[in-house]
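In what follows, a single structure is set out as C-alpha cells and then discussed.
The letters A, B, C and D name the chains in turn, as written, and every chain counts its residues from 1.
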Amino acid sequence: MEITMLYYLIPSLIMFCCGVYGFITRRNMIAILISLELMLNSVDINFAVFNRFLFPGELEGMFFTLFAIGIAAAETALAIAIIINVFRVSEKIDVSDVTKMKF
Amino acid sequence: MEPVIPIIILALPLTMFLVLGLFGHKMKHPVAGVLGTAGMGVTMVLAYITAFTYFFSGNPEFIDADTHTRLQAIVFNVDWLAFTDSLVIRLGFLLDPISALLLVVITTISFMVHLYSNGYMRDHHGVWETGFQRFYAFLSLFSFSMLGLVVATNIFQMYIFWELVGASSYLLIGFYYTKPSAVSASKKAFIVTRFADLGFLLGILVLSFYTGTFNFTDFTSTEVAEGVYRVSEGTAEGIRAMIQNSAAPMFMGASVLTWALVLIFMGGMGKSAMMPLHIWLPDAMEGPTPVSALIHAATMVVAGVYLVARLFPLYLMEEASLNIIVVVGALTALYAAMVACTQIDIKRVLAFSTISQIAFMMVSLGVARPEFHHGLGYMAGMFHLFTHAMFKALLFLCAGALIHAIGSNDYTAMHGLRKHMPITHITFLIGCLAIAGIIPFAGFFSKDEILTATLGHSTLWYVWMSLVAGLTAFYMFRLYYLIFWWKEHKVPAGHHAPHDQPWTMTLPLVILAVVSCLAGFVPFGNLVTWNGEEMFESVSFITNLKALDWTVASVSLAVAVVAILLATVMYKKENPLPSKMKNALPALWRWCHHRFYWDELYMFITHKIIFGCISKPIAWFDRHIVDGTMDGIAYVVQRSSYAIRTLQSGNIQKYVWVYLIGALLLGAVTAVCLM
Amino acid sequence: MFSNILIYFVIIPLLMLAGFALCRNDKQIRAVAVTGSIALMALSAWLLVDYLALRKAGETAEMLYTGSWEWFGPLNICLAVGVDGVSIAMLILSSIIVFAGSFASWKIDNARHFFMWLLLLSTGVFGFFITVDLFTMFMFYEVALIPMYLLIGQWGTGRKEYSAMKLTLMLMGGSAFLMLSLIGIYYHSAPEGGQLTWNILEISQNASISKDWQYFLFPMCFVGFGVLGAMFPFHTWSPDGHACAPTAVSMLHAGVLMKLGGYGCFRVAMYLMPEAANDLAWIFLILTGVSVVYGAFSACVQTDLKYINAYSSVSHCGMVLFAILMINTTALTGAIMQMLSHGLMTALFFALIGMIYGRTHTRDIRLMGGLMKIMPFLGVGYVIAGMASLGLPGLSGFVAEMTIFVGSFEHADMFHRTFTVIACSSIVITAVYILRVVGKLLFGPVQDEHHLQLTDATWWERLSVITLIVSVAAIGCFPNFFESLIKFTFSPEIFRAIGL
Amino acid sequence: MDYSQFLAMRQELGVLIVFLLVFLYDTFMPKKALNATAGFTAILFLLFTVASFVWGNVGTVDAFSGMYSTSPVCSMIKNILNVGVLIVLIQSVRWTNGELMTVRRGEFYELLLVTLFGMYLMISARHFLLFVIGLESASLPLAAMVAMDKNRYESHEAAIKYILTAVFSSAIFMMGLSFVYGLAGSLYFNDIALQLGTQADTLLVVALAFVISGVGFKLSLVPFHLWTADVYQGAPTSVTSYLSVISKGAAAFAFLVILVQVFGQFYSAAWEWMLYALIIVTITVGNLFAIRQKNMKRFLAFSSISQAGYIMLGIVGCNEMGLAAMMYYILVYIFSNLAAFGVIGAIENQTGKVDMTDYNGLSRSNPWLAFAMMLAMFSLAGIPPFAGFFSKFFIFTSAINQGSTAIYILVLIALINTIASLYYYLLVVKAMYISPEEPQIPAFRSACSERLGMWICVAGVIALGIVSFFYNSIIEAAAGSNLFAFIG
C-alpha cells in the first residue's frame, strides 16, 4: 500500500492531543513535563513530514526540527531543575499543591 | 426740563441708603435720624418743585396749550441693558400726570414717616431701638426704589424697581428679625409677591415679544390707543401688528394681548394685595408701624393700581382684561371689608381696610371708559389713591402712637383713650371721617367719583360698591369707638397713664389731618386724566363740589351716615349688642374672623403639596434613584470582579485549559465567521 | 512665544507653584499666593482694557491675541491661544475667584501642598480658557480635574474619600466621551485630503464635519462637558463633592470649574457642530430645563448648607446650558452672564458657608439660628449672596436671568415656550429656598448658646467676601459693559451656530 | 559568505559583548571585586546604550538572505528597551548586593543580558527559525531569573508556573507554525506572505490563532495571561519589573511585525476581529482583576495586563502612526511602570512590605517615595500633564485613524475602561495621601542607586510627554519603515 502524508500527520496529531490531555490531567509535575515533550515532538514530526512530502526540494523544516529538539531539551532541563527546587522547598511535586498564589 | 433735579430726587435717597447702610453703625442715633429725615425733606421739596413745574408751568413740553392736553415728558433716559437692538432696558425719568402725582404722595408720606420714626423708634425712656440706623437706611432704600418705580420710562425699569421695593419691604417687615413671627411674615410677603411677579415677568416677556418694545411711551401714547399710529422708534408697527393679530396668536382661547395684560395685572394683584394674593399684607403688619404706614398703606401697595393706570390705554384695547380687574377688585373690596369688621388687632383692621380701599381704586380703573365723562373712573381712581394715601397714613400713624403709648396692638387694651390722648383722638377721628366718606373730607370726593364711574358702567357693581362703602364706614367707626370710647380706660398698676407722644410724632399727625380735610378740593379733573386732557375749562376751589353728581353723592352720604350711626349704637358704650350679633350669625362671624381661612389654604398648598408632594420626593429620587444608579454601577463592577476571580485559580492545569480553550475559540469563531 | 500676553496666564501659576516649593513657612506661602493672584487679576484687567481698546479700534477678527506654536508636529497639535470676549470674561472670573479663594484659605493647615494643588488646578483652568486647540484644551481640562481628588480627599470633611472618588470618576467618565468626540472631530476637521487640524478656528472655517458625524459626535461632546456643567442626570457628584470639599476648593470648583462645562459646550460642541446642535437641541433642552426646576426643588428640602447651595448650582448651571441651547445672540449672552454671575455668587456662598462652618462646626441649618446678631458681617454677606441668587436687581443674578429669559422667549413655538416658562418659574422656587435658609440660619432666636461666644469675620475673610460682593454688584449695576464685551462673539458672522 | 553582514546586527553583537565581559568579570575577578559587579554591569550597559544610540542605526538592511533585517524602527525600539534595561539594572543594584544574592549576582546579569539578546532577535527576525530561537532564549532564562529568590517559596512556585505554561504556549505556537509551514512551504516572512496569497482557509485561521496565542502569552493578553499575576507576585521585584516592561515591549513589537509582515493580507479578513476581541477582553478582565488586588506587585501585574490591551490598540491602526504610537506608549509605559516598581522595590528591600495597606500614610513618612509613586500612578492612569496622558491620547488617535465605526466603539470601550483603571490607581494614591491612619512604614533613606533610578523615571514621566522631541523622533523613525507593505 502507498503511505501518504496523513499516515504521519494523524499519529502526530494524536500525540499532540495526548500531550495536552496529559498536561491537563496528570498531577505529577514530571508527568506533565513528559506530556509537554509529547507535544513538542508531535510538532517536530509535523515539520519533518511537511518538508518531506510537500517541499522535498529544501531542508528548512528539517532544520527547524533540529533546533526544536534542542530547545525542547533545554526546556526540560530547566523545568527539571526548577521542579527540584520546588521539591526542596515544599517536599511535593504534585501540581495541585503549588497553588499558593491565586485570585 | 433740566434733568438735574430729577436726578437728585433719585440719587439722594440712594446715597442716604449707602451712607447709612455702610457707615450708619458708626454714627450716633440722632445723627442718623436727622440725616435721613433731612435727606428725605430735601427730596420732598425737589419733588414738589418738579410736580409744580409739570402741572402749572404751562411749559410746551408738558402741556399742549391749544388742546389743553398734558403730555408725557421723558426727562432723561440712559441705556442700562440692551437685550437686542429694540429691546433695551433704560433707566429714565418719565414725567406725566400720574408720575408727578405719585412723586408728591411718596415723598410727602415718606418724609412724614421719617420724621415720625424719630419719635417712634425709641421707648418712653428715650432708649433707641437697636438697628435704628439700619431702619433709616432701609427707609431710604425703599423711598429710592418707589420713586424709581413711579418715574419708570419703560416696563422693565418698572419691573426692576418693583423687585427692589419688594426686597426693601421684605427687609422692613423683618426689621425685628429676632421675632420669628416677623421673620415668617417677611418671608411670606416676599414669596407671595414674588409669585405674582412671575406673572408680571411673563407678561412683560409676551408683551415685549409681540410689540418689540419696553417703552411706555410706545404703548400708551394716546394716538396708539385710539388706533392712530404715530411711528415712534419703529415700534408702532409692532403694536399695530399685535392689535391686528390680537386674534391671530391665540392661546387657550384668548389673544396674546389679553394674556399679557392679565399676567401683568397678576403682578399688580400681588403688590396691591388683591384676592387671592392678599394674604401677605395683614401679616406684614409685623413690621414697625411707620413702615406699615409708608409701605403697606400709602405707597407700595398702590403700585399695582399705578401699574394698571400706567398701561391703561393698553387695557382699553382688551375689554376682557378690564372686566377681570373689576371682578377681582369688587370681590376683594367686599371680602376685606367683611373681615375688617371682625378683627381685634388695630393694625390688621387698618390693613384690611387698606386692601378694600385699593380694591376701590382697582374697580374704578376697571370701569373707566373714555366715552363716559372722559374716563372719569381713571381720574377717580388716581384721586382716591391720593386721598387714601393721606388719610390711611394718618390712621396708621395714629395707630402707631396708640401702640407706642399702650405697648400692644390689641385694642381691647385701649378702650376710652380720648381723654388721655386728645391730639391722637382728633386726628384719628378726622381720618375715620375721611375714609368713611363724609363731606367735606377728602375721602368723600374721591369715593363719590368712583361710585359715579361705577354707576356709569353697571348698576350691579354700583350697588355692590356702595354696600362696601357702608361697611367701611361701619368698621372704621367700630374701631374708633372701641379705642376711644366703649368704657373708661383703667391704667394697670405700675404704669403711668398713656399720653400724647413727642412733637416728632404728633406733628405729622396734624399735618396729615389737615391734608385729609382739604385734599378733597384739589381739582383733580384738570390734573390727572387718562389721556391728559383737562376736564374743566376753569377751575376754582369748589370745582369738585360743582362737579358732583348729587344723586350718587347723597346716596353714598346716606349710606355712610347710617353705618356710622349703627356703629355708634353698637360700640359707643359698653353693651351686649356686639356679642348678640356674633352669636346670631356664628358661621359668618367665624369665617370673617378667620379671614375665610385663606392662610390655612396657603399653608396646605405650600407645606403639604409643594414641600411634601414635590420637593421631598424629588430629593429622595435624586439621592436614591439618580445617585443610586451611579453607585449601582460601581457595585456591579465590584461584584463582577469578585465573581470572575476563580478564573485565576492558581492551578497551572486550569490556566492551560483556559489558554487552550481561548486559542481554539479564537480560531474557531473567526473560521466560522469567514464561512 | 513669550511676547503673547495670554501665555502668562499659565506661566504665572506655574511660577507660583515653583515659589511654593521654595517657601519655608506659611507666611511666605501666603505672600506668594497673594502676589500671584493679584498679578493674575492685574493681568486679566489689563487684558480686558486692551481688548476693548482693540475692538474700539475696529478689530473685527474672531479672536484676538492669537498665536500658535507647533507642539506635536506630525499630529498637527499646536499650543494655539486666542481670546474673545467670552474667554476674557471667564479669565476675569477665574482670577477674581482665585484671589478670593486664597484669602478664604488663609489659615489652612499644610498650606504648601494645598496651595500647590490649588494652583495646579487654576493652571488648568486658565489654560483651558486661553487655548483654541482641542488637544491642548482637553489636556488643561483634565489637568484641572485631577487635583480635586487630592484637595477634597486631604483637606475635606465628612465622607470625603467617597465623595472625592465619585467626583473624579464621574468627571473622568464625562471626559472619556469627550476625548472620543474630540478625536472624531479631528478626523473630520478638514475636507477630504485637507490638512487635519485641532485648531477650533480653522475647523469652524472648514465646516467640514458632515451632518451624520455631527449627530454622532455632538451628543458625546455635549454630555462630556455637560457632566462638568452638572447637567441632570449626571449632576450627583456635585452635592457630595461640594459638601465634602474645603472652602476654597468649593469656591473654585463651583465658581470656575463648573464653568468649564458650559464654556466647552458652546466653544466646542455648539461652535463646531451647529447643525447637530440645532437639530438635537430639544433633547438637551428637556434635560437642562428639568434640571433647572429639579435642582431648585431639591434645594428646598435640604438641611445641609452646602447641599442647598450645590443643588442651587445644579439649577443655575442648568440655566446656563439651557440658554446655550437656545441658540440665539441674546440667550447665549445671557448664558455667559449667568456663568459669570453664578460663578461669583456661588463662590461667595461657599466662602461664607466655609467661614460659618469654621465657627459653628455644623452646616445643619436646624442647629443654627440668629447668627445675624452674632456675626453681622457674615450674615449681611449671606443675605446679599442670597439676594443675588434669587435675582434681585442691582446684583448679577437678575441681569443674567433676564437676558436668558428674553433670549429664550424669542422662540415662538410651543415647545420652547413651555420650557422657558418652566425655567422662569424657578425664580419663585429659588426665592423659597433662599429665604428659608436666610430665615432659619440668620434670623430668629439664637438656637445654640455656645454660638454666642463666636466672633465675626477676620480681615482676610472680610477681604475675600468683599471682593466677591463688589464684583457681583458691579455686574449687577453696569451690565451693559459686560453684555457688550460678550455680545460681539455671538454675531451671526462669527458664531456659526447663529448663522444657521 | 560576507561577514560584513554581521555589522548589520551590531546591536545584538553589542549585547553579546557586554554579556561576555560581564561573564568574564564574574568568573575571573577576585571575591571582593565582585561586589562591584552590579556597578560594572550598569556602567558597561550605559556605555552600550549610548553607543547603540549613536552607531546603532544602520538604516534598512536585510542580512543573511533576509533572515535578519534591521531598520531605523528596529534600532529605535531596541534603544527604547536599552533605556528600560538600564533603569532596571540601576534599580536592581541594591537587591543584587544583598547577602542573599552574593553567589548568584553574576548569573542574574548574564541571564538578563541573554534574554535581552533573545528579544533583539525577536524584533529583527524575518524568519521563523530565528524568531523561535529569539523567543525561547528570551523566555527560558527568565524562568531561572524568576526562581532567583532561593528561599522564598513563592519564587519557585512562580518559576514552575512560568516554565510550564511557557513551554506549553511555545508548543502551541510551533504547532501553528508547522501548519503555516505546511501551507506556505517557507519560514521566511516575506515568502510566506507571498505564498499564502489572499485566500484565508480554515487551517490557516487556526494556525494564525495558535501563533497569536503564542505571542499573546508573552504579552499576557487575556486569556493567555493567567501566569502573569502569579509570576509577577512571586518573582523578585527587579525581575518582575524587567518582565513587565522589557519583554512586553519586545513581544508587542514582534507581534506587530508578524501580523503585518506575515499575515498582512488577512488583516480585515481574519485577525482584525481577533484583535478587537482580544483587546476588549484583555483590558476589561485586567481591570476587573486589578480592582480587588491588595498585593502591590500582583496589582501592577493586572494593571500591566490591561496596559497590554492598550498597547495592542497601536496595532489595529495598522499604519506608521499606529506603530509610532505603540512604540511611544511602550517608552512611556517603561518609565511609568519602572517608577512604580522602583518605589515598591525600595520599600520591599527596606521593610519587606508589599501590601497596599502598608502604604497607608506613606506621604507623611516618606513624602518623596509617595510622590514618585503618585506620579507613576497618574501616568499609568493617563492623567495630564504626565507622559501617560499623551501616550494614551496618541494611541487612541492612531487607532481611530482606521476610521470604521467598529473602531469608535472599540475605543469607547477602552476609554470607559480607563475610568475603572483610574479608580484602582487612585486607590494607591488614596492609601498614601488620604488615609488617616498612622504610617505603617517608618521614614527611611533609600539607597542612592534606587533613588537615582526613581529620579530618572520621574524625570521621564514628566518630560516625555511635555517635550515633544521624543514622540516626533519616534514617528520620524516609524515613517521610514516598510513594514506595512502587505496590508490588504
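FYI, contacts are C-beta pairs under 8 Å (C-beta built on N, C-alpha and C of every residue); 3 or more make two chains touch, one makes a residue touch a chain.
Everything numeric here is computed off the predicted structure, so don't read it as measured data.
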item	value
Comparison of A-B and C-D (more C-beta pairs in contact)	C-D
Subunit C and subunit D: spacing of chain centres that average the CA atoms, whole Å	43
Centre-of-Cα separation between subunit C and subunit A, whole angstrom	66
Distance from subunit B to subunit A - Cα centre to Cα centre, in angstrom	98
CA centroid of subunit B to CA centroid of subunit C, Å	37
Subunit D: positions in contact with at least two other chains	160-161, 164, 168, 172, 229-230
Subunit B, residues touching no fewer than two other chains	645, 648, 650, 652, 656, 660
For subunit A, residues that touch 2 or more chains besides their own	23, 32, 98, 100-102
Pairs of chains satisfying the touch condition	A-B, A-D, B-C, B-D, C-D
Touch list for subunit B against partner subunit C, complex	79-84, 87, 89, 156, 160-161, 163-164, 167, 174, 177-180, 183-184, 187, 190-191, 194-195, 197-198, 201-202, 205-206, 208-209, 249, 610-611, 614-616, 618-619, 622, 626-627, 629-630, 634
Complex contacts: residues of subunit B adjacent to subunit D	637-638, 640-642, 644-645, 647-648, 650, 652, 654-656, 658-664, 666-671, 673-675
Residues of subunit D touching subunit C in the complex	321, 324, 378, 383-385, 389, 393-394, 396-397, 400-401, 403, 408, 411-412, 415-416, 418-419, 422-423, 426, 429-430, 433-435, 468, 471-472, 475
Residues on subunit C engaged by subunit D in the complex (per definition of touch)	71-75, 135, 138-140, 142-143, 146, 149-150, 153-154, 160-161, 164-165, 168-169, 172-173, 176-177, 179-180, 183-184, 186-187, 216
Residue numbers on subunit D that touch subunit B, as the complex places them	160-161, 164-165, 168-169, 172, 200, 202, 205-206, 208-210, 212-213, 217, 222-224, 226-227, 229-230, 269-271, 273-274, 277-278, 285, 288-289, 291-292, 420
